[in-house]
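This is the structure I want to talk about, given as structure tokens.
Letters A, B, C, D, E and F mark the chains in the order given here, with residues in each chain numbered from 1 onward.
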Amino acid sequence: MRPVIVTGVTRAELAAVDQLAGLGAATVHEAIGRSGYLGPRLRPIQDGARIGGTAVTALCWPGDNLMIHAAAEQCQAGDVLVVTTTSPCADGMFGELLATSLAARGVRGLVIEAGVRDVAELRAMGFAVWSAAVSAQGTVKETAGAVNVPVSVGGQIVRPGDAIIADDDGVVCVPRGGVGPALAAARARAAKEEQNRKALADGQLGLDLYGLRDKLIARGVEWVTAEEYARGEADG
Amino acid sequence: MRPVIVTGVTRAELAAVDQLAGLGAATVHEAIGRSGYLGPRLRPIQDGARIGGTAVTALCWPGDNLMIHAAAEQCQAGDVLVVTTTSPCADGMFGELLATSLAARGVRGLVIEAGVRDVAELRAMGFAVWSAAVSAQGTVKETAGAVNVPVSVGGQIVRPGDAIIADDDGVVCVPRGGVGPALAAARARAAKEEQNRKALADGQLGLDLYGLRDKLIARGVEWVTAEEYARGEADG
Amino acid sequence: MRPVIVTGVTRAELAAVDQLAGLGAATVHEAIGRSGYLGPRLRPIQDGARIGGTAVTALCWPGDNLMIHAAAEQCQAGDVLVVTTTSPCADGMFGELLATSLAARGVRGLVIEAGVRDVAELRAMGFAVWSAAVSAQGTVKETAGAVNVPVSVGGQIVRPGDAIIADDDGVVCVPRGGVGPALAAARARAAKEEQNRKALADGQLGLDLYGLRDKLIARGVEWVTAEEYARGEADG
Amino acid sequence: MRPVIVTGVTRAELAAVDQLAGLGAATVHEAIGRSGYLGPRLRPIQDGARIGGTAVTALCWPGDNLMIHAAAEQCQAGDVLVVTTTSPCADGMFGELLATSLAARGVRGLVIEAGVRDVAELRAMGFAVWSAAVSAQGTVKETAGAVNVPVSVGGQIVRPGDAIIADDDGVVCVPRGGVGPALAAARARAAKEEQNRKALADGQLGLDLYGLRDKLIARGVEWVTAEEYARGEADG
Amino acid sequence: MRPVIVTGVTRAELAAVDQLAGLGAATVHEAIGRSGYLGPRLRPIQDGARIGGTAVTALCWPGDNLMIHAAAEQCQAGDVLVVTTTSPCADGMFGELLATSLAARGVRGLVIEAGVRDVAELRAMGFAVWSAAVSAQGTVKETAGAVNVPVSVGGQIVRPGDAIIADDDGVVCVPRGGVGPALAAARARAAKEEQNRKALADGQLGLDLYGLRDKLIARGVEWVTAEEYARGEADG
Amino acid sequence: MRPVIVTGVTRAELAAVDQLAGLGAATVHEAIGRSGYLGPRLRPIQDGARIGGTAVTALCWPGDNLMIHAAAEQCQAGDVLVVTTTSPCADGMFGELLATSLAARGVRGLVIEAGVRDVAELRAMGFAVWSAAVSAQGTVKETAGAVNVPVSVGGQIVRPGDAIIADDDGVVCVPRGGVGPALAAARARAAKEEQNRKALADGQLGLDLYGLRDKLIARGVEWVTAEEYARGEADG
């Protein structure tokens, strides 16, 4: 890892990111071909928050939050700070003071593949956080890492300037260049879902709505009565 | 695994299941001999829900929710859909649209040893869910599984038609044929607990109430003062 | 393990413990040299509780809560019961009836490296709990353990009479003899944080406030533009 | 759970089980429709063992091996003892003395969803074990469980008398009544694999051998050069 | 945590420790009342090693092995180095060069609740290691910790000078003052086991040898035939 | 995820990769600034293998190995196949037949963030594998993924054509463009280590060899006797 702080990062267009955020993480993830989801380990510390923003990335040493401080200077209004560590770490690397600093710069939230602390205070101040842990364990500020380099979080690659969409379902990353197409696809999907919602509420089955009945038959699935099934089990 | 959809399943009697539900998962679990608990990995996505119902089971391929759609058709009012996968999977296999479809059929909730998504929407519509994960990750509909076959969830066997009781403590399965005796035992236990609650609130100790003091002595437990203990430690 | 119940334990001074509790688990953990944190596996079952008290410890066999009943008798007003098991266990070893008994004695809460149940009832009665799991799984009362011996929880040693501080960030243990110095250090830290909070809210950076800019340079960190960085990557 | 020891269990025919064992766990698992695999948590404590036998099941309390002793009496030559616990447990519930006892009865091995100990001695005496853990932690003999009831292990249901096949790939359970068809299917599969092995060793591709090329195209997969791909990424 | 290196530690008597080691970790753990086992996460990187020695402890920051170097100076012939971290860490904190240094001082092995690397070289040089992970991930040497303070490893307290016994079953810690009684008890147990081994090899059952048959009956266990059991299941 | 198979990938120069491999994963990881390590979850299924090669990547759906077959066609002599899944999966996605096919093409080994099976056969044929699991569980061939796109494995980004170095310590990825500098740095490091090994074997301490003694003092570490320490503890 080159110990570097990259400045002057080009961001995804914020207006489009905001519109993506309105559609929610799951819909956006579907719209970009079921990709970009940062995994179920990243959970919100609050209920009901839904944010969008542009990624500033920080790569830290475990138990050391020095580079979060360095990343704060690179953050601007509309950003989401995305933090990971060189090896797995659950320490409370981020708390109320860092949140105060980021909020003063217009940062919209934090996504961290490690722990946070001061969660009562973070909730009270309305600073949105998705983290892999909550932990009172403090960190040192001793070891160099990197800011605004591509990072790997939850099996996905996040590049600085990418769009980050986060809500109760987790966090999705949309590559900077893909925000426009993602928005078009997500809107189309949302419209289609609205239509399906009505049909399903009226009692139609997904089996029919999505043409799955033939698929089941093609894959050899049979419908048998409970009685027939029990007889089959008994016969082995 | 035989790719089969079993129809015409006999359910536990719903009126008795409803009364079991009123007593709560932990009490029911005790009443049937401390069994049937589907394990601590299944957590509610909402606080305070308590439901009972009859199991419809679905066995899916990881990353594939085709059989949930097939199971929906087998669901009727009073059912709880119980979903598991052939190998561990945390993907968001169930969301708002499927919940809309199940709610239209009178299904009381979902128990899934995998992930769900659209949790903000599921909470808003009051559809009760116990899951092993929350995940925006979507699934395909490609691979055959089975509906209404016995499944193994959290170390317990769930058969179609069994009673499912779920609340903040988790999910308990009562075999269809055991609902009657379970109800009688659970009521007796609840009555006994009410009595004990009063004694304990009055300052009586469980040590005396349950006759544990003699048990401790029989097992060689000694009461020593802190001073005596410290002396013993020093002497090794 | 010697099967022993130690009586007459000397506690940390409760007035000082109460003042520590007011400062929060993370601040106290920092004040005692970043130690004493019982780890991220212990999570509150409720939001927003913050308690302090003196430790009564119980060491149980997995799946067996006999010694919790024995420990109840050793508890007095101001205590926090700290329970662990001889090998990892997620069973629901503690529920509403035990909480009723402890509440009647003035116990302030439970810290348990295992599971609890009746969480809806525990929340309703306002009994504060930090646990490693929630589980409906019941336990037996058959096997001897120990009460008020030193125990190891989450990588920390907890001795009977130590101060326990717990809130949304988790649980911190302060050795009985260290409560006085911890209080002085925690107050100093809180005052300093208050000052920093204002500077950060005004837009000052931690980089400057904590003198980290020179540290970064000393560790070989460079600031490069995104353009320069991309060029470097291409050149390998 | 009913505290019961079931005697006089009907076993799968041992000659057929032996032939299944010769084909290996993975082949047998495929032959019965990709089912019956007891999951990746069960690992062999030795390399290279491959056994088959008929299941005797024991359901124990965590930290308590009383029912293993009860199960030993139900074991006969050709059996494999299958042990699980009512809640997850990693303790060393089985060691050299129990193995000596089982070996004296002609038992072929142990499958345990908990821990074992004396592994050096078990390896030396050639007693085959698949376990979820190795642990020196001892257990008590206090709490009732069950012997020869259906149990749930690694997401599968194991019934007494079922065939157990275990090797370096893990453990597979074949329902007693399905051993005959499984053997026929497994042999056919092994023959087919032998044919494919030759073709693949000669340089043929699975893409062609299994007709997957058309499947890829049908699912919208495109072949693009690295240059084309890089251009697409740059354009977003 | 006080940043301190404690010198002049009193060790358990090495001759007695050596004799304990000969009896194995599981037997010693039983002999001291089923305690002292450092948990199933600590696994040997080699097969068949069995060592005993006196503990020198090191408490490190995650991702930082500075204090292992400080601990090396405190090690003498007959010691076992016991390393843990202030929060969970899987990094490769120890490798061939440190082992070379420790071997030169007569150290008998390493017990580390973190990762090691150079495992091929460590095996080749015969330096015995029990670790929680193997990892190529390197560490820095930046942050202070402590040497020869009491540490908590796998739920047990290890004090400098305690006896450490490690083999294929894992690691057991015997308090310094308890080595004498442990040796007497372990020898008695080993003798008793030898006697039982013969009886069991002759086909006697543990049920009878340990008087468990009456215990089962006292706990309400019934023996029923498979036919009776099936009938009971059908009746619910 | 775009369903794409990228052809004509430029590889790192194989002669240099081979020399890197000779130095081992840990040394290479250090030489490139402590980066590129694919994490401790990827473990070898065999002891003592050490390989180097150029990455062909495959991104699969969980429980589905269709894209491994597609990737095989893109493999050439000197490659290492690197497989991951869109969400975590432990299934046995790779076995002897696929290994036969890859071996016929001169592929040097497999790195897979999922499971493998047929491990006895893979060991026997000498095909080197690093995997996250061993599992008999089979997979389907139904869902499209991608071949030779950048993937994220164990917190690292692997691009097609990058150098892969794997041995008993795990797997390290060196970016294609960085192989030359990595080789120079790794050789220098190995030479330096050889020198240190001799000094340490002669009894010199790392404390002195690396100048750590002053670092400890600068960080406030004190040397105190056991007696002084005990007195300090007692005083609190």
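Following the convention adopted for this analysis, a residue touches a chain if its C-beta (ideal position, glycine included) is under 8 Å from a C-beta of that chain, and two chains touch if they have at least 3 such contacts.
Given the structure is predicted, the values throughout are model-derived calculations rather than measurements.
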{"item": "Candidate from A-F, D-E or B-D with the same interface as E-F, over half of contact pairs in common", "value": "D-E"}
{"item": "Interface residue identity across copies chain B, chain D - same or different by half", "value": "same"}
{"item": "Winner on C-beta contact pairs when A-B is weighed against C-D", "value": "A-B"}
{"item": "Chain centre separation (chain D, chain F; CA means) in Å", "value": "29"}
{"item": "Distance from chain E to chain B - Cα centre to Cα centre, in angstrom", "value": "37"}
{"item": "Geometric centre distance via CA averages, chain E-chain A, whole Å", "value": "40"}
{"item": "Of all residues in chain E, the ones touching two or more other chains", "value": "2-3, 34, 37, 39, 86-88, 90, 135, 137, 142-143"}
{"item": "Footprint of chain D on chain B - complex, ascending", "value": "1-3, 32-35, 37, 39, 84, 86-88, 150, 152-153, 155-157"}
{"item": "Touching residues on chain E, where the partner in the complex is chain A", "value": "61-64, 86-91, 135, 137, 140, 142-143"}
{"item": "Chain D-facing residues of chain E, complex", "value": "24-26, 29-30, 34, 37, 39-40, 43, 47-48, 50, 167-172, 193, 196-197, 200-207, 210, 212, 215-216, 219-227, 229, 232"}
{"item": "Residue ranges of chain B in contact with chain A within the complex", "value": "2-10, 66, 69-70, 72-73, 90, 92, 95-98, 100-101, 103-105, 115, 117-120, 133-138, 141-144, 148-149, 160"}
